[in-house]
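Please find one structure pasted underneath; my questions will follow.
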Amino acid sequence: MSSSWGERVKISIFGGSHTQAIGVNVDGLPAGEAIDEQAVLAQMARRAPGQDPTATTRKEADTPRVLCGLLEGVTTGAPLCAVIENTSQRSKDYENLRRLPRPGHADYTAYLRYQGHNDIRGGGHFSGRLTAPLVYAGAVCRQILERRGITVGSHVAAIAGEADTGFDPVNVSPELLGRLNQEYFPVIDPKAQEKMRAKIEEARMDCDSVGGIVECAVVGLPGGAGNPMFGGAENLFASILFGIPAVKGVDFGAGFAAACLRGSQNNDPFYYDESGNVKTRTNYAGGILGGITTGMPLIFQAAFKPTPSIAQEQDTINLPAQENGKLKVTGRHDPCIVPRAAPVVEAAACIAALELLAQSGLL
Amino acid sequence: MSSSWGERVKISIFGGSHTQAIGVNVDGLPAGEAIDEQAVLAQMARRAPGQDPTATTRKEADTPRVLCGLLEGVTTGAPLCAVIENTSQRSKDYENLRRLPRPGHADYTAYLRYQGHNDIRGGGHFSGRLTAPLVYAGAVCRQILERRGITVGSHVAAIAGEADTGFDPVNVSPELLGRLNQEYFPVIDPKAQEKMRAKIEEARMDCDSVGGIVECAVVGLPGGAGNPMFGGAENLFASILFGIPAVKGVDFGAGFAAACLRGSQNNDPFYYDESGNVKTRTNYAGGILGGITTGMPLIFQAAFKPTPSIAQEQDTINLPAQENGKLKVTGRHDPCIVPRAAPVVEAAACIAALELLAQSGLL
Amino acid sequence: MSSSWGERVKISIFGGSHTQAIGVNVDGLPAGEAIDEQAVLAQMARRAPGQDPTATTRKEADTPRVLCGLLEGVTTGAPLCAVIENTSQRSKDYENLRRLPRPGHADYTAYLRYQGHNDIRGGGHFSGRLTAPLVYAGAVCRQILERRGITVGSHVAAIAGEADTGFDPVNVSPELLGRLNQEYFPVIDPKAQEKMRAKIEEARMDCDSVGGIVECAVVGLPGGAGNPMFGGAENLFASILFGIPAVKGVDFGAGFAAACLRGSQNNDPFYYDESGNVKTRTNYAGGILGGITTGMPLIFQAAFKPTPSIAQEQDTINLPAQENGKLKVTGRHDPCIVPRAAPVVEAAACIAALELLAQSGLL
Amino acid sequence: MSSSWGERVKISIFGGSHTQAIGVNVDGLPAGEAIDEQAVLAQMARRAPGQDPTATTRKEADTPRVLCGLLEGVTTGAPLCAVIENTSQRSKDYENLRRLPRPGHADYTAYLRYQGHNDIRGGGHFSGRLTAPLVYAGAVCRQILERRGITVGSHVAAIAGEADTGFDPVNVSPELLGRLNQEYFPVIDPKAQEKMRAKIEEARMDCDSVGGIVECAVVGLPGGAGNPMFGGAENLFASILFGIPAVKGVDFGAGFAAACLRGSQNNDPFYYDESGNVKTRTNYAGGILGGITTGMPLIFQAAFKPTPSIAQEQDTINLPAQENGKLKVTGRHDPCIVPRAAPVVEAAACIAALELLAQSGLL
C-alpha cells in the first residue's frame, strides 16, 4: 500500500507532483456536518508555497474541487473526494534525477521499490505536494472536531536549534490554539520567530537548508479514548505523522526528555478541580496514559529533517553508468519547510483525533 | 481493539498481570521455519524480572507452552499460539488501586475506557508483563529473519542522562548486534553501564525511578522494502513500538537531532562500494528514505519514561469518595525498566521487520 | 493470514485437529458484560460430536478454559482468550493422507500453500474441529446481543433435498429462535427431521455422506446498521460464513430464488405498523437493503457440501510417487455435518451481528 | 466505511449518481504494468447503459480521466485514480424519493444510516452507476492478470428462470472466456439469449423487471492461493461481490446444488494429467478447497434480484407525514440489469483475483 490510512475514517491520498491532479478520498465521515469551504481554504493557504521568503517561490492555486460527498456544503456520509489540479509543473527540472538520485530523497528507494517505474518528476508520489490533500482532509475533520469542542493548533517549536517557548502543558487554551492555527509561521513568542527566520536566511544564503520541530496540541478531547498496546492513541497519531514527508521523530508529552526524568517528577498527580473534573497537576504524559486519553491536552512533537533539496553540489551515484557521480539540484525548493509543515501536522492530528473518537465510540 | 497488530504477520496478545495466563497468537508466519526453543527462551530470560538488582524481585517462570503452529519444532503455516501461565500473583497488593489510581499509570484511563470493569490487578492488560508474549513472538520472528541474513540488536543508549556510545550508523556489525542481543543489560561501552547502574541505585535508594533510551539496529534488510506515506517503514515500526508500555518517543536515524542539522550535513551521499553495492557515506536517514529502506542499517531510538510505580507517597484522587487522596504504591517494582526493555524493543523490531518484508513481497 | 476476522470485534482462531490445544482470542468485546458459562457450554454441546447417530462417534470434552478477559464472569474489555485441550486424537488414522490427499479436502491445497509443512493430522488447521472455538466466541457474543434484544437462531432447512418449512420472513419470533437455538437438530417441522434422518442413514449405509442447507435469522437488529458497497451487512456476514468449513454458498432473503422473481414481487412494500414503526409487508430482502439493515429479520442461508471424508475407496494422487493412486479414508467421520453446523452458523451470525453494530456505532 | 476494499490492492470508490463526478482510487498495483486504454474502455462500454433495448436509455459518456498512477500508460506503483464526470443528470426525477422511499431500494435504509443527510438523487452513493468505476478498476486488474496467463469471463446463466448452458467446470477455455468477456449480453448458447430477451421484454411491457444469475470463471490461477478459514478465496470473492448492488447470493462450484449431492459425487478425484500436472476429474469445488485454489477453474455464481425501480405504482411510506403512501417511480430504469452486470461481476473477480495473488505472495 502507499497512501491509505484509518479504519473508521479512511483517507486515501493520490497523485504526484507532476501528475494531472492530486487529491484525497475520505470515507467514513459522519453525515450531516456542514463544512465551511473558506475555513478549509484558509488551512490550505497556510501550507501553500510561494507566500513567504522562507519558502519556495513555486505558486500553486491549490483550489480543491469537491467531486462528491457534500450536498449543499453538508456531508452526506458517502465518501468525500476532493481533487486539486496540477498546473505549475516544470518537468524538465527533474529530468536528471532518474540518473542521479538526490541524497536524502526517495528517488533511489522508489527506484528500488518500483523497479524504476516510479514517476520521478518532482518526487512523484513522494513529493511534499501530497500534503496538500492531507491538509484538505484535515481541515474537514477539524470542523467536525470543533463542533464537538475540540481544538487543534501547533507552533514551530524550533528551527535549527532556535527554540520557541513551549506550550504550558496543563493550560493550553483553545484561544491560543485558535490564533496559532490561522498563522503562516505560528510561534508563541514572536521574538523566537525572528531568530528562526535569521537561521533560515543564513541557510538560504549558503545554498543549504535547516530542519526543525513542530509542537502540536489537541484540547477538548474526552478522557477514555484509545486502547491498550497497539491500539493506543500514540500508535495512532504516530502512524499518520510519520506519513508526512521529512518527519523522522515523534514524541508525546515529555517524550524523549522523560528519559532524563525521575518517576516522582514525570508522574502527573491526579486531582479534582473545583468543578469536580479529574485533572492532573502536571502533564508530562501529554494527555495519554496506557494509550488512552486522560482528558488533559494531548501534546506531541514531530521532528523534521532539513529539506534534502539543496542547491549545493552533492555526491551521489549515476545509476545507468553504475558509477559515482555529482548532482546539483536545480528548481525551486524551500530552505526550511517547517513553518509550512505546521498546518500539515495539525491536519494529521485532526484526522487522527477524529479516527480515535470514532474507534472509541465517542463520535 | 487493544492488542492486535499487523496485516501479513498478525499478532494478538492476550492476558493480564493476574489472569490465569497470558499469551500471543501469531498468524501468518511462513511455513517450514525451524524454531529453536532454547534461543526463544534465551530472549525471554533477558526480559524476565528478578535476575538483577536493577529490577523487580518478582520471579516468573515464564515458560511458554506452544499450543499449536509448530510440528516437530517447525512452523506449519497455521497460527502459532503460545501461552504462559501466571503463577506469582500477589493480588492483594493492588486492592486499593481501584480506589486510588496511580499517577503515571493507566489505572484511571482504563477506568474511563472500560467504565470501571477493567482488571486492575497488577495493571491488568496494561501491565508490562504483557511484553513477555511480545518477546516470545519477536524471538520466533527473529529466527526467521536471521535465516535471511537479518540481525537485530539494541543497547541501552541512555539512563537518567548517562549515555552509552551510539552505534556507528554506517557500520553496525552483525557481530556487535549478536553480542548485544544476548545480554541482560546491553551496552556498547561497559563504563557507561557502571554509571547507569549508579543512577538506578540512587533512584532506588530515593524510592524513585528513572527512564532511558534504547537504540536498536536492524542490519541486513534489503533496500526497497516499505511504502510511501502512511505505509512507510517508520510508520510501521512506530505503530508497534508505541505499544510497548512506557514508550513516549520514537525516532529514526538522526531523528530529533536532525532538526538541528543542515541539509548538507543530514543528506547521506550515495556511492558504489568496491563490490558495486549502493551505500551511503553517512546514515542520518537511519536506513529509511521516503518510508522505504535504503539497505543501510535501519536504526531507531525508543524513549522510555521512568517507571511510574514508585514507593513514595503520591497525590491522586479517591474515585469512590470523589475527593483528592494520597497513595503509597506497595508491591515489587523496577526502579528502571530500560535494561529489560531492550529485548522487548528488539522483539517489536523483529516483528515489524518481518511484517515489512511480507508486505513488500520480500519474504 | 488464516484465521483472524473483524475490525471492531476481532477474533483470532488457532489450533489444529491434533495440536495440543485449540482456542480463540476475542479482542474488542464491550466491558461489563456478564457471561453465563452454562449458556456458553450449552451452545458448545450442540456442536460437539458423538451425541447422535448422524454424527461421528469421536468424543470431545470441549470444556473451554478462559485464560483472561473475564473477571468474576464479567468482560473486562481486554482480550478474552479461551482454550480447549485436544485429548482424543488418533494421529495414526491420518498418516497416509500426506501421501494421498483426500478428494474434497484441503489436504492437497494446504500442501501447495505451505509447501508440505502443514499439519495434516486430522486436517490440521482446516479441521471442522476449529469450529468449536468459533462457537465459543459466538456464544459470548450471543449473550451480549440478547442483552440488547437481539436473538439469533437457525434450523436445518434441507438435507439431501429433504426440506424443512422455512421461516416466515416477516414474522420470525424470538420464541421460535429461542427454541431452535437450544436444539441439537433444529427444525421447524419435526416431520422434516425424520425424512432428513432417513437420508443421512441411507448415506451412512452406503459409506457416503450428504450435504444440506442451514437457514438462520437474526431478529431485533435495529435498522440503519451497515454500509454501502463493500461495507454492507451481506459482505460482512458472507466474509465470516465462508470461513466455516464446507460452506459453498450464502444468500440473503430470497437470494438465488430472487433471480426468478419480478420486481413487483421481490420489492418489499414499506408501511407503518400500528405502533408507528416502519416495516415491510414482505421480506424478500432478508432485512438488508443497500447493505444496511431495514429492521426486519435478517435472514440468510448457508449451503454445505457433503462431508468429503467417506469410507468408500476414492481415486486420488500419490504425491511422493507422482502417480495416480487410491485412497480409503478410515477414522470416524460424520455422514452429515449439517445438524452440527447449525450452531456454528448461528455463532458466526452472532459475531457478525456484534461487529455490524460496533462498526455502525450502535453497540 | 462504505466503499473501500482490499488489503494489498486497495480500491476506494467514490461519488454518487448525481454528484459532480464518480471515480476510483486503486492503491497497491504492481509497478511497470502497461495498461491498454482501449481495452479498459471496451469493458466500460459493456456496462454502459443505453445501448440495448433491455437497458435504460440513459446515456453516459463514461470516459474516465486518469489523474495519476500511469506514466505513459504504464503503472508507476503509486495510487491510480480515475474520475468520470457526471453529465446526464435529471435530478428532478428523484425529488419525491426523500419523502417516499422506493421499495427494494436503499432510500429508507440510507435515510436511517445517515439521518436523512444522504444524497437521494439517483440513489446517491447506492446507485448502480457506482459500478462504472468498479469496472474501470477491474479492467486495469484484468490486464495485469492476463499478462500472467489468467483469464476472467462470465455469462448470463439465467434470467427470470431461463437458463443458459453452464460452464463445463473442468474445461473452461480461455478462448471461450475471451469471447464472452467482449460481449454485451454474453451467453454460451445463443438460443438461451433469445428466451431471456423475451422474458425481459415481457417484464418491460408489464412495467416490471426481472432478476437473474451471472456465472463467472477465472482460469489460469495457480494452485495454492488463499488461506484457511476467514482468509479463504471464497470469503475474499464474496466480500467484494456482495458490494455489487442487487447481488443477494453467491456460491462457488456446485454451491447450493452441492447441498443435494452425496460426498461420492461432490468429491473431485485428483489425478496427474499427461503433463504431470495435478488436476481433478470433476470440479464441484469450483477450484477452491479449504479456501485455497486447486489450480482448476475458479467458478462462482452471483444471483441478482430484479431491478427494484419499476414503473408500477407501489405501496410505501410517506416519511415526513409518517403515514402510508403510494409511489410511482419515474425516470429511466433497466427492466433487467443482468446483462450489464456481467462485466461488473468480472471486474470484481479480476480485483479479487489480483488481491488473492498479492496476499499469497504469488504476484
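Note that the chains are named A, B, C and D in the order they appear, and that numbering of residues resets to 1 at the start of each chain.
Everything below uses one rule, namely that a residue touches a chain if its C-beta (ideal position, glycine included) is under 8 Å from a C-beta of that chain, and two chains touch if they have at least 3 such contacts.
Computed from a predicted model, the values in this text were never measured in an experiment.
Most remote from chain C, judged by the distance between CA-atom centroids, is A. The interface with the greater count of contacting C-beta pairs, when A-C is set against A-B, is A-B.
Inter-chain spacing, taken between the CA centroids of chain A and chain D, is 38 Å.
Chain C has its Cα centroid 45 Å from the Cα centroid of chain A.
Centroids of chain A and chain B (each the mean of its C-alpha atoms) stand 26 Å apart. Shared contact sites, meaning residues of chain B that touch two or more other chains, fall at 1-4, 7-8, 13, 78, 110, 113, 125, 228, 359. On the side of chain B, the complex with chain C involves touching residues 1-4, 7-8, 10, 12-16, 19-23, 25, 27-28, 31-32, 65-69, 71, 74-81, 83, 110, 113-119, 124-125.
The touching residues of chain D, when paired with chain B in their complex, are 7-8, 78, 228, 358-359, 361, 363. The part of chain B that touches chain A in the complex is made up of residues 1-5, 13, 101-106, 108-110, 112-113, 125-126, 130, 158-161, 203, 206, 208-213, 223-232, 234-235, 238-240, 242-243, 245, 247-256, 258-272, 276, 278, 280-281, 284-286, 288-295, 301, 303-310, 312, 314-317, 322-324, 359-360.
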